[in-house]
Every structure is written in structure tokens, then in C-alpha cells.
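The chains carry the letters A, B, C and D, assigned in the order they are written, with residues numbered from 1 in each.
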Amino acid sequence: MAGTGKAHLHPEGDALLRVEDLLVEFPVGRTGLKVNAVTGISFDVLPGETLGLVGESGCGKSTTGKAIMQLPRPNGGSIAFGGQELTSLAGEGMRTLRTNIQMIFQDPISSLNPRRKVTNIVMEPLNIWGIGTPEERLKKVNEVLEAVGIDPERAASSRPYQFSGGQCQRISIARALVLDPKMIICDEPVSALDVSVQAQVLNLLEDLKAKFGLTLVFIAHDLAVVKNISDRVAVMYLGKMCEVAKSDDLYLRPAHPYTQVLLNSIPVPDPKVRPTGNQRVQGEIPSPVMPPSGCRFRTRCPIAQDRCAAEEPQLQALGDDHYVACHFPLRTAN
Amino acid sequence: MSDTVIEIPSRPNIITSLVRRIPPLRKWKFGLVLSVSYIVVLTFLAVFANVLPFVRRYNVLPKGAEARRLASYRGKPSSEYWFGNDKLGRDTFARSVYAAQKTLTIGLASIVAALVIGGLLGMLAGYYRGWYDRVLSVIFDVLLAFPAIVLALIVVGRFFQGGRLNLGVFEMDKRFFGVIVVLTLLSIAPLARIVRAQTLSLSQREYVLAARGLGASSWRILVREILPNLLPAMFSVAFTGLAVLLVAEGGLAFLGFSVQLPFPTWGFMINEARSDLTKGGGWAVFFPCVLLFLTVLAFNVIGDRVARRFDIREATL
Amino acid sequence: MRYFAQRFLQLVVVFLIVTFVTMVAIQAASKDPARDLAGPLNSTEARVEEIRKHYHLDRAYPIRYAYWLKNLVTVDLGNSPTLGASVRTLVGQRAPITLLLGLYSIVLALAISLPVAVYAAYRRDGPFDRFISGATFAAVSLPNIILAVLLGYFFATRWRIFPYAASKIWPWDNPGEHFKNVALPTVTLAVGLVAIFVRLLRSDLVNTLQSDFIVMARAKGLSPARILWRHALRSSLFSLMTSVALQFGGILGGAVVAEQIFALPGMGLLLFQAVQQKDLLVVQACAALFALAVVIINFAVDMLYAVVDPRIRHARALG
Amino acid sequence: MTAPINRPQEGTLLELRNLRTHFSTARGVVRAVDGVSFTLDRGKSLGIVGESGSGKTILARSIMGLLPKRGTIRHGEVLYAGQDLASLGLKGMRKFWGQEMSMIFQDPMTSLNPLMRIGHQISEPLRVHLDMDKVNARATALKLLQDVGIPEPEKRLDQYPHELSGGMRQRAMIAIALACGPTLLFADEPTTALDVTVQAQILDLIQDQRRDRNMSVILVTHDLGVVAGHTDEIAVMYAGTLAEKASTTELFANRKHPYTEALLRSIPRLDQPSHTRLLAIGGRPPDLITPPTGCRFAPRCPYAEDKCRAEIPELEAASADHSFACWHPVGSPRWQSKQDELVSTGVLSASGGIA
């Protein structure tokens, strides 16, 4: 798996965001070794679409999200937003383009400055960009706060710690919305929340997406959540792309052994579905400092063969917008 | 060397956070009230020393007939001489108040200067990291490895022998300025290290990342996102630091490296009267000692309260 | 290993900068260093010129510094005109006293503060803890000049338990007399340290005792003593170790006051005398020795971290 | 492991009678656990499910007696094999901890002592409780590491926690918990810090060990999916009280409490088509210092009426293996009429329910 290749990309002009051969590395101390966080992945997001990025810890999904925002700048590859190349942009051009893409983070408490009033936090983007008069800014902020279900009056007099986790996440969303972005990158936005609150936030995201015509990149480790909110899902493993498919298709007919394993591992809230031991994958994710050769999943793959160690699989089409990077996919093109 | 970190609690686990919210068994704010009132009174006396009749009415340097009258000094506190007088017959109370003026000004000026310089350097080192951080950390190490007395010798002993120093707006005694420079230099490194460690942890927070994602400039992030979160800790450190500096000034003055004329600080007064201790001159030592101790204690109490108010872990300076 | 080498190099740089700055500052502050070096007596013009040549005072600072370094390596730092002895002899006689003094006060402070802090943290907010909290607060606020004056007055002048004017006696010559001589200065320095150490260790221990692995240790059914000493104490030592290193400089600085009051002929007193008599060579040598001591203890504590914490060892093995 | 005493294989192991755990804080008394009663048989596993702040962790720690003494007020009885644990005192509890009952914590990184080798951490309870000598304890520790399926166990004995992967750390923690052969194992969110593929392995491991050793297990979690496959019974907690308790199959097939129902409906499910509207529970859990009078779920419950807000429903047994605390449970007339109303107004979709 762990494939490279761009067979799954849509024609150039169609996508709002087009990421090609993205490469992000982090140095390990001063050893000269590198963490290969993301190694040559490509994907695109169509306007108005929700793309889900899913995978376990260390697969590079969050790194990918941040790399799109150029936080930090990736070590290689290209990221085109609306036809404009982001990686070569610098200074003012980059700053301006950033208003079009916004980000929501995992920890709702830590992503809000504890010492500022909520209204100020949401207004900060407008202040940075000097948009509108103070009255116009306040009006805009209150509108957005209303839209995410936060009482503007309370926001004006309260600091983040006076709100619950779910409400803080709403405030984060309001801050992201206030500049009228085209795209929002949601980095594990619900994993710190309780299930009942998680449902509120997921529903809110769906509503806002429809209301403001947003395009979403939704990053999470929980496949059930990702599947629910996304139109298409990309499964990642150890810095590589495994499988890209329409979300229902991915669940009904997974083609990559890793996707299958992931689906089997998710605990189903139904005692009749009893998972059996032989469906379990053995071992744990290898170190991204020295990843396995060939297909990166081969060390844990139940059907790995010699070829998987020697040769890195490329993404191949299975039809119906379904792509897989595996030498021995669980199903072939129809 | 790793740094002393004041930990800003992020998300304590539920049980400890519950238990920590239990009020301390004594809800004793008495100490704080007492400390603040003491400092207020002392500051009031020091600021208005030249105007207050009960400070001014005593001749601090008796001459002529009065000096002769006082030659056989009693030394004991009396209704006339509240703190007694020393072997030259000088009134210890008036001298102590004038000394408070000097001591407090020196302490305050040094801690403010050190906080501004050290805070700025620490913030830059913690935020930009890399080479900047490495160079600064060597500078901090150098400052820490400097013996205080050698620093005092160089700055006070030679550069500021005496006379007036004209700094445009200010005009002040050169020696006075020298002491402030020494104390500032001594406290820059420890303060900068505390601020650096804090900044380091704060700049990992997601709201800083969020601000960068919004296109905020580094300057804006430092001023708007990081500085406000540093302030409570710096505020607390300012008080405990002030206490430490008063002790340090006491040591320098004791050794003769601080202002002496026309009025010394408490440390020098203690050293001056020390030789007289056995000959009934104890009061002239006792009162400066008590004032110095109480002042240091009061600042420590206030600093501790501020730290607890903002839930900051104890820091060493 | 790479980490150690790097750290060592950094400290060498620190040492060089400190000594260089000291030299330049001291000599630049003097109107004529050569005349100061010649001493107040027999300062004929010829003698001054001779000294200027001998110490290369007519050369640029970097060159002067190079010669000074050479002299440092060969341990031949010239003669003090005012104290009438070679710098090597003076420093060699005085430095051990101060180092012993520092060592005693740290050992004494640690010996007292460890059990006190552990017990206070174990019985948090109990009567003992509250008493200790108040006492250490007062002790932290007690300037050592006051403490020294009080100790001196009561123990030496009034009750005559300890000598006021201490003389230099080595521990191997007469341990009893030696400890009697250094007792008051040691206590002067140790009181503040005990207070700082207790507060620091207690607060760290209280934090550690709330951490998950302590609950885990309790769930294993271990005794409180075992949890405190085996599990909690070790992970709470880091701030204390940092503090010991940071305080070391302060102790050597504080030694000047203590030695001055109790007339203990250590390096602090030597430095004080040298400063008063503008004895540049001695001041430079003392400053160098001071910097060296601070640098070495920093390095030692840094290494000690790795001994205590395998995670640091691990990270350093990588870096 | 050799059990230190001959233990009966069946019967009731644990019985809670109206257990209350309150904390006195600056703002008032937090009623973290407020009147919980249930029994647990030997060799059975019980899942305690609840959202954060529901009191599930504090309940588990109250049973074990592992709460800090300061500010904690505990009422009610905890009977362990017929013995009231409250009467034991701290010294007596120490003999229980590790030997009779032990615990696995959420985050293996912070719950293992970072400065102590794995082998030492496992052999510590062996040496303290079973008086083993060094060699014997080390051999037993090795055996335990093999039992929990850690690769290269000899090597691991001399490693520190940070040198192991997350899954291995959790396995090591399980080995410590199993060391003295406990009768009752608490697992407090044992897999929350782990990846899904590893989570499955760890849950299987706990399950296998329970069977092999005939232990009782109390599995505390927020994830209904985790308990579904791995416990015999489930207790659903809300705001410090038990909302519903039933055998696992019964609970999922025939849930009665509206909170349980809401919880199940708010989870996105893989077998639903994407973009399925989730049923969000409005509002948020109550403040446990001033909990609502009456049913604690009433302020958020779509079926609540005046009685619910005034009178506390008791936990009552509907059948041998099912009890719940609700005035208008799922399937009751009021529930039915309200449900129809919600569907007709579009708040709920007719297909929103779960098969």
C-alpha cells in the first residue's frame, strides 16, 4: 500500500485543492535521522465536497492538514488551491491566500487563548486583516456566533474556560468562519468530545457546510465518524495513501487489506456482531523513522508476499471513483 | 542545564482537579493584608520622607551643641527617638526611613529593568529557538557564572565612583545608578530562563498555531497571544524577585558596594552599627534588620499569593 | 556521547567568555593597570614599565588574554604586590576553605531538607506541613547578613560557643576545631538553602504524588513508605538538582559575607581584600576559579539528570 | 498464577449498596457518585458506560478505595465476598490491592513509573505480597510478559516504559495488574489512548485472561462499542447515578432508558449511509454540585414531564437481568406518543432509530 501515484486525481481544473507528491519530514533531535511523516501523497478535493482523511496515529493525516496551511512549509511536492500554487507563495501573497483556508484543531480548550474574551478571539482574524469598521466587525462576529449557536452577549463577557468543550469547539468554528473561507480543514475536531456533544458538532458542520457553501477536509482517526460526514474518504498508513473511495463504497467493498483491518477493528455497538480473533491484525505500527521497504503495511498484512517488500504499489483504479494502492487488492476492477 | 519551568496547568485529571479545588484548611488572607499594608505604609514614609514632620524634625546629622549633647548617647528607643540612635547620635528612625527610600527605589528599578530586558530576551529565545536561543543561552550561562562581587567591583567600584550622572530626563547619583545596573545584570539571566521556558511551552499551544494560520505576524502573536499568558507568572516573579534583590542589595551594601552618602541603605546601616553591638548599640542594628526582614517577607508573601491566585508552581530565582 | 561533548564545549566557551570579560573590564576600569599592579609602595616609573612589559599590558586585549591563559595553564599567575605572595599560593591556600564551606552547607541543607520535604508532602496540609511552610517562608525572607550578625552576636560574642575570628584549620589536622571554625558560616549559608530546597522538593513531590503512576503504585498495594521513597522521590528530584546548581553560584557569592563576618580566611575574603586593594591579578584569578566551579557543577548536574532519568539518557544517546 | 487461597468459583463477588462518593470543594459538595447499587458475580465482566463527568471513573476508584482521603466523603457499603471494605482501613486495603483487586489505567505512558525498569515494576507486587525472592519474581515476571503477549519478553524486563510502544506498555500494565492473581480486575478506559487496531488486541487480551483466570472484570469506558463485544453486563451511568443496568444482549436489544437510547443514536455507525443525521442530545450534563431535582436526565430528555422533574425514579428491576430508572421508558405510552410527535415535526426521522 502505502502507495504513490496520481491515478485518482481529477482533471486539473476541477478540483479546488490539489495536492501532489506531498513530502513532510521532521528531524529527530540532532541525529541526522528524519521522521518521514508524509512521503509523497497526492489527493484532491472538489468544490463543495467533504474529503475525509483517516488513519491511525503516525499515519501523517494531521501533518498533511497542517502542510496545506503551510504550517510548517512542506519539504516537497505541490499544493494548488484554486489553481494557485501555495508552496512557492511567500509573504503577502501567502498571507492573503490563507484567509481562504481555515483550520479547526483537536483540543477545543488549547486552541483558544485563555486570557481573551470570546468575542475578541472570534474577531481577531478581522483585526489582523483590518476588515471593516469596528461596528461592522462586531456585527459580523455576532452573526457568526449566532450561526454556531453561541450567545453573542455571553461571548462578549466570558473567557473560553467558562464554556464547555463542545461550546469551545463551536467558538473555534466561528473563528474559522469569520473570514468567509472557501475551505476548512478540520483536524480531529470531535475526538476530544463526548459522544452526545460530538453529534452536535458533526451536525453543525453539516449545516454550516450547506449554509456557507464550504469545502471540508475532515481529518480523524475514527472511521465511523469520517464515513458519516465525508463524501470521499482517503485511508492513510505510515505517511502513504492506501485507498481512496466514496465513503459508502469504502465501507461496503474495501479493497485494501488495511482498510479491511481497520473496519474489523472498530468496536461495533452491537453484541450480535462478535469480532473473531483471526480478523485481528498483529503487531503495531512500525517507526516512521525507518519505515519498511516496498509496501509499508506488509509487516502486518495478512496476505503479504515477496513482491510487497520489493516493490511499492501504485494507486490503481477500480472504477467508480475507487482507487487502491495494493499489489493484491481484495477486489479488482469491475 | 535544563530550566526551571513554572508549569501552567493545561488539563489536570478529574480527580486531582477536584481535590485541588478544595480550599486550603486555613483561608487566611491575613498575611496578605498585613503585607500589603506594611508595604503601603513603608512606601508612604519613603516617598514623603522630606515632607513628613515626624521624619524631618530630627536632625539626621547632628552638629555643634546637639552633637555634644548626644555624645553620651543612650541608644535606646524613646518617645523622642523612636528607634533609638546610633553612636554618633543620629536618629535611627529617620535614617531608616531615608534608607527605605533608597532601598525600595533600587530594588524596584532593578526588577523592572531586569523583567523588561530578561523578559524580552527570554521571549525571543523561547519563540524563535534555533541559533538565537543557543547564543542567548550561552550569554545567560556567562551571566550566571560571573561572581556578583566582581561585577559589583567593575560597575560600582570603578565606573561610578561618585558624582552625578545625567541621563537626559533623570539625574542621579552615579553610584546609585551603578547598584541598579549590577542588580539588573544579576537578575536578567534567571528571569530570562523562566520566561524562555514558559514561552517555549506556550508557543506549542494550538491557539498560537491558529493565529499563525490566520496570517498573524510573529510580532502580533508574541504581543497578543503569548505575552498576556506570560504576565501572571512575570507578575508573581516580580514580587519574589524584588525580595531576592533586596537581600542581594543588603549583601552588597554590607560589603560597601552600595550607596552610602548622604544616606545609606539598610545593609550598610547594619554593618556600620555592628561593631557597636556589644556596647549597647544593639538597637541601631536591630531596627534596620527588622525592616529589611519584614520588607523581604512582605514581598515574598505577596508574590506567593499572586502565584497561588494564578496557580503557578513555585519557581526559583 | 555527542551530547556530552557538545555540552562540554559550550561550558568551555562560557568559561573563556567569563574570564575574558573579567580581564577586560577590570583592566579597562583601572586608570593604569600596571601602576595598580606595582602596588602602592616602590612604584618607581621603571618598576611600572617593567610590570607593564612583564604582564604584556602594552599589548592588545586578546594578546594579553592569550598570555594570561598560558599562565593559567602553567598555574603561574604572578605575584600579588599588596598581599606579598604569589597568586598561586594565595588562591591555593584560600580556595579549599570556601569550597569546603560550600560543600558543607549544601550537604547540610540536603540532609535536613530531604526528610522534612518528604514528610511535609506526605502529610500535606497537616500541622507539620503548615508549620514547615511558615518556617521556610520566614527563612527564605531572612537575609544572610542579618542571620550572620545574629549568629555571630549570640554564639560567638555572647555565649562564646564558637570562635568569632576563625582561623584556618584543615579537617585532617584537627576535625573538632575545624568544624567549630566553620560551623557558623556553614549554618549562615545553609538556612536559606534548606528553606529553598524544602519548598521546591515539597511542591514537586505534591505534584508527583498526584500523578497516575502513584495511583498505580497504590493499586499494587505498596506501602506509603515504599511509594514515597522508591517511586515519588526520584521523579521529583529534577528541580532540586537544577536548584543546587543554580544556588552554587549564590553560595560562593554569599561566602564573601559569611567569611567577612566570621573572619574566615577563604576565597571570599581574599576576593574582598583584593577588590579593595585593586589587586587585579588576584581578582582575575578568583573570578576564573569561581566561573570554573560554577561551570563544573552545572556540567555535573547535567550528567546527573541522565543518571536519574533514563528518558534523558535515551534522548541523549540519540542526539 | 497460583491463587494464594482457595477461592469459590461462583456466586456473588461484589455488592454495592447505595454507594455515594462526594467531594467537598470550594464551590460546594460535588456529588460525583450518588447512590449506586449493583452486584457482580465471580468470573463475570461488567461494563460501566458513561460520558465524561458521569462518575464512572470515580465509582470504580471508590469501590477500590483508591480516592484521595482529603475532602472525600463516602457513604454506603461495598461488600467484597461478603466483607465490608469500608471497615478494613487503609492497612487492610493494602492487602487487597494487587492481590484481590487490581486496576489498569487509561494512559500507560503516565501510569507506569517512567524511571523504573518494566521487570522491576512487575516483580514489585510479587515481592511485597507473595514474598518471592528476586530470582523467582523475575522468572514470574517473564512468564507474565509471555502471557500478555509481549514480543521478546526477556529484553523487555530490562527496558524502561518509554522504550516500549503504546500497545506494549498497556500489555505491561496488564501484566502488573495480573501479577498476584487478582479476583477482580478494574480496567479504566484501558484502550482510549491506543489506536483502533491495537485497541482490539488489548480488549481481546483482557477477555482471554478473564476466562483463563476466572476473574471478574469491571470495564469502565465511554465507548458503547467497546463494551458491546467484551462484557456480560452493562451499567449505564448518568450524572453520578445508574440509569440502566442489563445483560449486554438485553440492553442492546431492548434498551429502556431514554438516555441509553439517545447515546446509541448519537453515535455514527458504519452500517448507516454517510450523511445520516445524528441524534444529538441537547444541552449538557448537569452540574453535580446542584443536580436537578427528580430525574437527572429530565432537563435534556425529550420525553420528560413534570413528574420527571419532581420525583427521582428508582432503579427498578423489570426482569431478572434488566433494571432501569425512568418514569417513561422506551416503549411506554408517553414515550410512544412523544416519539410520534417528534417524527411528525421532523425533529426525528422515522428511520433515525436503530434496528
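Before moving on, here are some points about what is shown:
Operating definition for what follows: a contact is a pair of C-beta atoms (placed from the backbone, for glycine too) under 8 Å apart; a residue touches a chain by one contact, two chains touch by 3 or more.
All values reported here derive from a predicted model rather than from experimental measurement.
The greater number of contacting C-beta pairs, out of the two interfaces A-B and B-C, is seen for B-C.
Using the average of C-alpha coordinates as each chain's centre, C ends up farthest from subunit A. Centroids of subunit A and subunit C (each the mean of its C-alpha atoms) stand 54 Å apart. Centres computed as Cα averages put subunit A at a distance of 51 Å from subunit B. Centre-to-centre separation of subunit B and subunit C, using mean CA positions: 22 Å. In subunit B, the residues touching two or more other chains are 16, 19.
Contact of a single residue of subunit D with at least two other chains is seen at positions 52, 70. Shared interface positions of subunit A, defined as residues touching 2 or more other chains, are absent. Residue ranges on subunit D touching subunit C, taken from their complex, read 64, 66, 70, 94-99, 102-103, 105-107, 110-116, 124-125, 128-129, 160, 162-163, 173, 176-177.
Subunit C contributes residues 10-11, 13-15, 17-18, 21-22, 25-26, 29-30, 125, 130, 137-138, 140-146, 149-150, 153, 157, 196, 199-200, 203, 207, 210, 212, 238-239, 242-243, 245-247, 249, 252-254, 256-257, 260, 268, 271-272, 275, 283, 286-287, 290-291, 294-295, 298, 301-302, 305 to its touches with subunit B in the complex.
Those residues of subunit D that touch subunit A in the complex are listed here as 51-52, 151, 165-168, 195-201, 203-204, 222-226, 228-229, 248-249, 252, 262-264, 266-282, 284. On subunit A, the positions that touch subunit B within their shared complex are 66, 69, 71, 94-96, 98-99, 102-103, 105-107, 109-116, 124-125, 128-129, 172, 175, 179.
On subunit B, the positions that touch subunit C within their shared complex are 1-4, 7, 12-13, 16, 19-20, 24-26, 138, 141-142, 144-150, 153-154, 157-159, 190, 243, 246-247, 250-251, 254-255, 267, 270-271, 274, 277-278, 285, 289, 292-293, 296-297, 300-301, 304, 313-314, 316.
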